[in-house]
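Each of the two complexes below includes subunit A, the first together with subunit B, the second together with subunit C.
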Partner chain A sequence: MDHVKEALAVIVGEEHVSTEPEELYIYSYDLGTTEPRRPDYAVAPRTTEEVRRIVELANQEKIPIVPLGGGLSLAGLAVPLQGGIALDLKRMDTIIEVSEKARYAVVECGVSQGQLTAYLEKNHPNLMHSEPGAPPQATIAGNVAIHGQGDLAQPYGFNSDMVNGLEVVLPTGEVCKFGSCAVGANWYTQHPLPDVGLFLGWAGTTGIITKVSLKLYPRKKIQGVGQFVVEDEELIPEIIYRITHTEAAHDVVAFSQAIPPFASGLHHITINLSADSEKELDFKMELIFDDTLGEYIRSGDGGFLGFNRGLQRPQISKTADWRKGGGFEYVGAIMPVETYPQCYRRGREISERHDIPYTVLGRVIGMSHAMMFSWTYAFNRADLETIRQAREALHETDDLALELGGTIWKPGIYGQKLVLERIDPNTLKLMKKVKQLLDPNGIMNPGNWEVS
Partner chain B sequence: MYELKFNENECLSCVTCDCLTKCQYMDIDKDTARTEISKIINGEDSFVLHNCVTCYACEEYCEKGNHPFYLIVERQEELDIPPLPKPLIRRGIQTGIPFRGEPDIYEAKEPALCMGVFSDLLYLIQGKLFDGLSLISMDPRKMFHYFCQLMYLHYARTSVIKERLPKIIETIAKHNATEIVFFHDECYGTYASYAPAVGIEVPFKPVHLFEYLYNRLNELKDEIKPLNLKVAYQRPCSSRLCSDKHHFVSDIFNLIGVENVKREYVDENGLCCGGTIQGQRREGSRLRAADVQQRNIDDMVNAGTEVCVFNCPACFNTLAALVNRRGIRPVFMSDLCRLAIGEEPAGWR
Partner chain C sequence: MTLTSYKYADTIHRCFRCGYCKFPTNWADVNNCPAYARFRMETYSCGGRLWLIRAWLSNEIEWTDHLAKIMYTCTACKNCEEKCPLRFNVDIMNMITAVKGEMVERGLIPSQVKDFLENIQRQGNPYGKARAKRGEWTEGIEIPKYKGQDFLYYVGCVGSYDTRAQETARTLGKVLTKAGVSFGVLGGEENCDGNEVNALGEETLFEMMAEENVTQFKELGVQKIVTLSPHSYNTFKNDYPLHDGNFEVFHYTQALRDLIQGERLDVSRGLNTRVAYHDPCFLGRWNGEYDAPRMILNAIPGIELVELEKNRAGALCCGGGGGNFYTDFLGGSESSPARIRAREAYDTGANILAVACPNCMTMLEDAVKAEGLEDKIDVKDISEIVVEATGIA
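And now, the complex of A and B:
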């Protein structure tokens, strides 16, 4: 047995470390278009202490570490681009604490979205978190680490805006706490300093998040979704501005897609509402669909499609089925809401140029402060030509997002390069200093966000 | 091109003008009705064209079988008075476009049952009532090849129906069944009423689902145990196109021992589920639909209804949860019939 594997086995136990090709294969790729690359070791720690010891070992041996939760980022962020240790955190799946009155949950980094949802439904039915549209095995920590967003994005922003505190294993092996927990208080706020921003959005290149305190929000008894449809994409920014002005919606998403045919060339706006009583629901429905959107209905420019009870999330993974072979990847970009018309038109052009049915979707973030936009491209996993087409379309879309004044969310390598080319030189210098300070040996997810 | 067979003289000489005076959504006296129907016949604008909720009921009210509703929607299209906002019309028209390949054409045995565009409700078609039936349109991916298109009456787009329907009929006919039971009475209405009204040939005999169920229940009569439930029937718009088959509702209820509760909004006075009304372009349509639904369900509750019986999946989608919240169990007619012969219906919840 090689000495690194032996040392890893001492830390986590033999059954939780592997160099077997069939197991390394699982960690060599994600579901997007990134070229696969096998790690040398796959390790699944159970505790923060085990993570700390693995990081120490990696520093001694100068071996890369790539932390991953659900491994669902699609953009290659958890693909071990330079080999090394794939650090699978799914075994760290304890929900440590839920504070009903202060509305937060402290979870280990392997706790999944579905796990927390199920736990809250059973034990704290008045609370919910902002669950993303990703598959339920996506982890809470992975999602906040990449600025994910979910059901409550419209009133409360990105999921990373909902962090009350973090426990992080630094690339040099120290375990640090951030937020109120750092001074021995409860995990109820991320303030005062130091700031958790050192670790959010860095795609695991500045440390390994091992615990997260996440804000929870009131879960109302009735949830439902109304749909509004327009033909003219130019109307979308104005309609979203008006809907968000009511402060009555939970989640607002606009989308257009070539398949199924009903959606082609049209723009559906889904508006999630919640209420504790029929009276409250009636009030919100009237406020949004009659008072706010009534004039579009009367003019014939917009139509109320109906309201259905139950929660609805955007599930762009369904687009994987638009071509044979079940592959899809999207460019996610944080865009000004007023760019929706261009995002739609230009994105559709890119899709059609590459012979891929178009799917564009924008979710409103925080009172219309921005829109998380996605352009999704389906491909056939068994057909290299369609993978190449999709990859080209993704790169063109990365360019487009920046051209339109947006910023790319969880970019892959191509998008990271574009961002780093454009970033303010002094900001880049600061990023280099931060990276060199935190990760002097460059072991954390190398290949991603190479600022040095 | 296919043209609506409408007898203008018969209409202009009509004494009662029931088509408009009986309308439950517009308050129209006989003189006004006469004036407005004359305008509609002459291709002129009329408030009726703007305020029609497209409930189909005037097709039944007209005792002469003169298709006033088909005329209204043709005029709405000709005069560009869309009942719905244009994005909803476009959406609706695009909904009917098949996009998942060609259907599998196979020889259907008699009798055959066509699911139309409701292949995903195939789970309802099981048990003794449906033993031996040959099924058409079982694959939800291909179901739009069997979509009767009549929904576009709500969209004032008879041009779309006329354009697409012959191809749909051709596809169904390829299964070589001479008699076809239609799961949805909108399909039945298409082939029994609309197609003949505009001169489209139908090479098979459509059979109404309730007629089939009634006959089948009679064959299984020994197995029926009276259900002793108080039921209300949510009459769908398309039922107005085949009012000669409506008696099968009470015939079936009598056979399976359920009490059809006495209420105001029943039979000819049945109310629309509101699904179409809520999306209409007219001021206040969403609230108008909510009011219709409220009156309808209040009426069921006041009459002591235990079970609301549906034929139309669209009505079911619109109303099932609403009636359920008022303590009434929603169920498809076929499931109620299955319950009566001792089976556990798939959709009984």
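And now, the complex of A and C:
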């Protein structure tokens, strides 16, 4: 056994460190089109103290560490580009605290979205968190680390805006707390201490988030989804503006896709509503579908497809089977809502040029402040040509997002390069200083956000 | 191995590895894949397995002992098929069994699996105990030999040889007798049903065993079978018809339910206790029978039936399926699925963890002891609960 493996085994136990080809193979892959790169070690710690000791060891040995949550970023952000330790954090899965009255949850970094949803449904039925459109294995910490969004994005913004506090193992091994918890208080607020937001959006290049305090929100007794459809994509920005003006919805998503063919070219808007009583639900339904969207129905420009009670868990992974090929990847970008028509048209062109059924979607963030627009490209994992096509389409879409005035969300290496080429030089200089200060040995997820 | 020899070469790449396969129905944790719960490395999840099979097929990785172990930690619990949202999900178990078959054919199986299969071939049971001792479980009680009665009571390997499971086999015999059921057993003439042999990928041996059993059953005039084990129930019901063995098959909980509902079994004496029921995979997920055991327990006055948080199609496997009750790849840890399940049962506040499978019985009783919970919760077979409720001595 090599001495690093031996040292890792002392820290996490022999069963939780592997250099076997099978583990190295699996942890070398992202689920999207990113080329695999093998780690040297796969390690699954259970505690913050174990993470701290692993980071110390990695510094001594100058070995890269790549933290991994649910592994669902689909942008290759957890592929160990320069080898080293693939750090699977999913064993750290304790829900430490839920404060009913102050509406927050403190969780370890491996807690999944599905786990928190189930826990709240059982123990705190009046509370919910903003669950992203990812499979339930996506972790809370991984999602805030990449500025994810969820089904409460319309009223409350990015999930990373919902962070009350963090515990982070710094790249040099110190364990730091941020937010009210840093002064020994409860984990109820991130402000008003000096802002040290150095970890959200950095994709694990500035430290390993080990605990998160996340804001929770009222969960009403009745939940459901209303669907509205239009044919003219030019109407979407205006419709979204009007819906958000009502302040009555809690998730607004517009999408269009080639499959099934009869719906191709149509734009569906799903509007999640919640209410504590039939009276409240009736009021919101009337406000949105009669008062706000009624004129589109009367003019024949739009149609109300109905309201279904209950929320379904995201089924995004079904997209992977469209080519019966087990793969898809998407470019997500944070875009102005008014760009929806261009995003749709240009994205559809890219898909069709690469012979991929088009899928586009815009989730509203805030009161129409922005949308996360995604262009999804399915591929067949067994057909290298389709992977190449998808990769090309993704790169073209990264270019498109910036051309249309957007910002790429959780970019992969290609998109990061585009962003860094355009970023304000002084901002880049500051990022370099931050990175050099925090991670002098350059061990944290190297290859990603390479500013040094 | 070549792509052409693997039946699922054209579909195995369709796994996206989204991770649904790890969850129970209520999404409470990612531990509902027993092997993933035990090791918590992606390789041990269903998706990890499918990706590794594909990597082996395409020569991206070579066969190793570790690869074989990863495949054989699969307990065939079918949680993955239940949870996978993609259309190819109906073939997931077949894909894993097929790769085990390839390993069997090429002699690339772990030593524990080899022992299991060799013991079956030599002695007709996985333990390697003498074939002649198969009927010893009947000693001390009056159990009729099968001679054309209405039902063949088929006990299986675990019920025939495992000391604790033998008790349940005897108890069920008493209950059937008390209810006046016309039945008989094969005793020392009984052979292994082969369900686990099939799950371990030894298809040829399984076919031989199935054909021998079918021949024997037919020669004896068997038409109806009641099984102690859901594993036997599964293979008699679903696999034997492919070998010309068309019998009317019942799991014993279905038979007891009918006897109670038909007022042939009087459970009115009752039992004042709190019971949590653990769904066996080969009764539940494999065959959709969730209600019969619950109907029995609900019919007994005084029993408060509580549900484990993960139940029915979302139940956590005991970790004993796919031969793991013998190979024990998942044992030896607080994270062993049986120990997790024992803790979950204790959390319900139940006094009794009810099981309907001899494999689950042995796995969970050991787990309760390993957790130090033996003074707090008893593991009992449903037949044992019924005996108490009927007052049979």
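Going forward, the second predicted complex is superposed on the first by the 445 of 452 C-alpha atoms of A that agree within 3 Å, B and C clash if a C-alpha of one lies under 4 Å from a C-alpha of the other, contacts with A are read in each partner's own complex, and residues count from 1 in each chain.
Note that contacts are C-beta pairs under 8 Å (C-beta built on N, C-alpha and C of every residue); 3 or more make two chains touch, one makes a residue touch a chain.
None of these values were measured; they are calculated from a predicted model.
A.B. asks: Does the subunit A-based superposition show subunit B and subunit C clashing or fitting?
C.D. replies: With subunit A aligned, subunit B clears subunit C, so fit.
A.B. asks: Which partner does A:P425 reach: the first (subunit B), the second (subunit C), both, or neither?
C.D. replies: Neither: A:P425 stays clear of subunit B and subunit C.
A.B. asks: With the two structures laid over each other on chain A, which partner does A:G184 touch: subunit B (first), subunit C (second), both, or neither?
C.D. replies: neither
A.B. asks: If you stack the two complexes on chain A, which partner ends up touching A:N380: first (subunit B), second (subunit C), both, or neither?
C.D. replies: A:N380 contacts subunit C only, not subunit B.
A.B. asks: Of the two partner chains, subunit B (first) and subunit C (second), which one does A:G71 touch, if any: first, second, both, or neither?
C.D. replies: Touch status of A:G71: second partner only.
A.B. asks: Counting residues of subunit A in contact, which comes out ahead: subunit B or subunit C?
C.D. replies: C
A.B. asks: Angle at subunit A between subunit B and subunit C: what is it in degrees to the nearest 10, using CA centres?
C.D. replies: 70
A.B. asks: If we overlay the two complexes on their shared chain A, which of subunit B and subunit C does A:Y119 touch? Say first, second, both or neither.
C.D. replies: A:Y119 contacts subunit C only, not subunit B.
A.B. asks: May I ask you to decide whether A:L31 touches subunit B, subunit C, both, or neither, giving the answer as first, second, both or neither?
C.D. replies: Only subunit C; A:L31 stays clear of subunit B.
A.B. asks: So if I take every C-alpha atom in subunit B and every one in subunit C after superposing, what is the smallest distance between them in Å?
C.D. replies: Scanning every C-alpha pair, the shortest subunit B to subunit C distance is 10 Å.
A.B. asks: Under the definition above, what is the set of subunit B residues touching subunit A in their complex?
C.D. replies: Interface residues on the subunit B side: 82, 84-88, 90-92, 94-95, 97, 99, 275, 278-279, 281, 283-287, 318, 321.
A.B. asks: Which residues of subunit A touch subunit C in their complex?
C.D. replies: My answer: residues 15-16, 18, 20-23, 25-27, 29, 31, 42, 44, 70-72, 88, 90-91, 93, 112, 114-115, 117-119, 121-122, 135-137, 313, 315-318, 320-321, 324-328, 380-382.
A.B. asks: Looking at the complex, which residues from subunit C come into contact with subunit A?
C.D. replies: 10-11, 13-20, 22-23, 26-30, 39-43, 48, 51-52, 55, 60-62, 64, 66-67, 70, 85-88, 309, 333
A.B. asks: Can you list the subunit A residues touching subunit B in their complex?
C.D. replies: Those in contact with subunit B are residues 229-231, 259-266, 285-286, 289-290, 294, 296-298, 300-306, 309.
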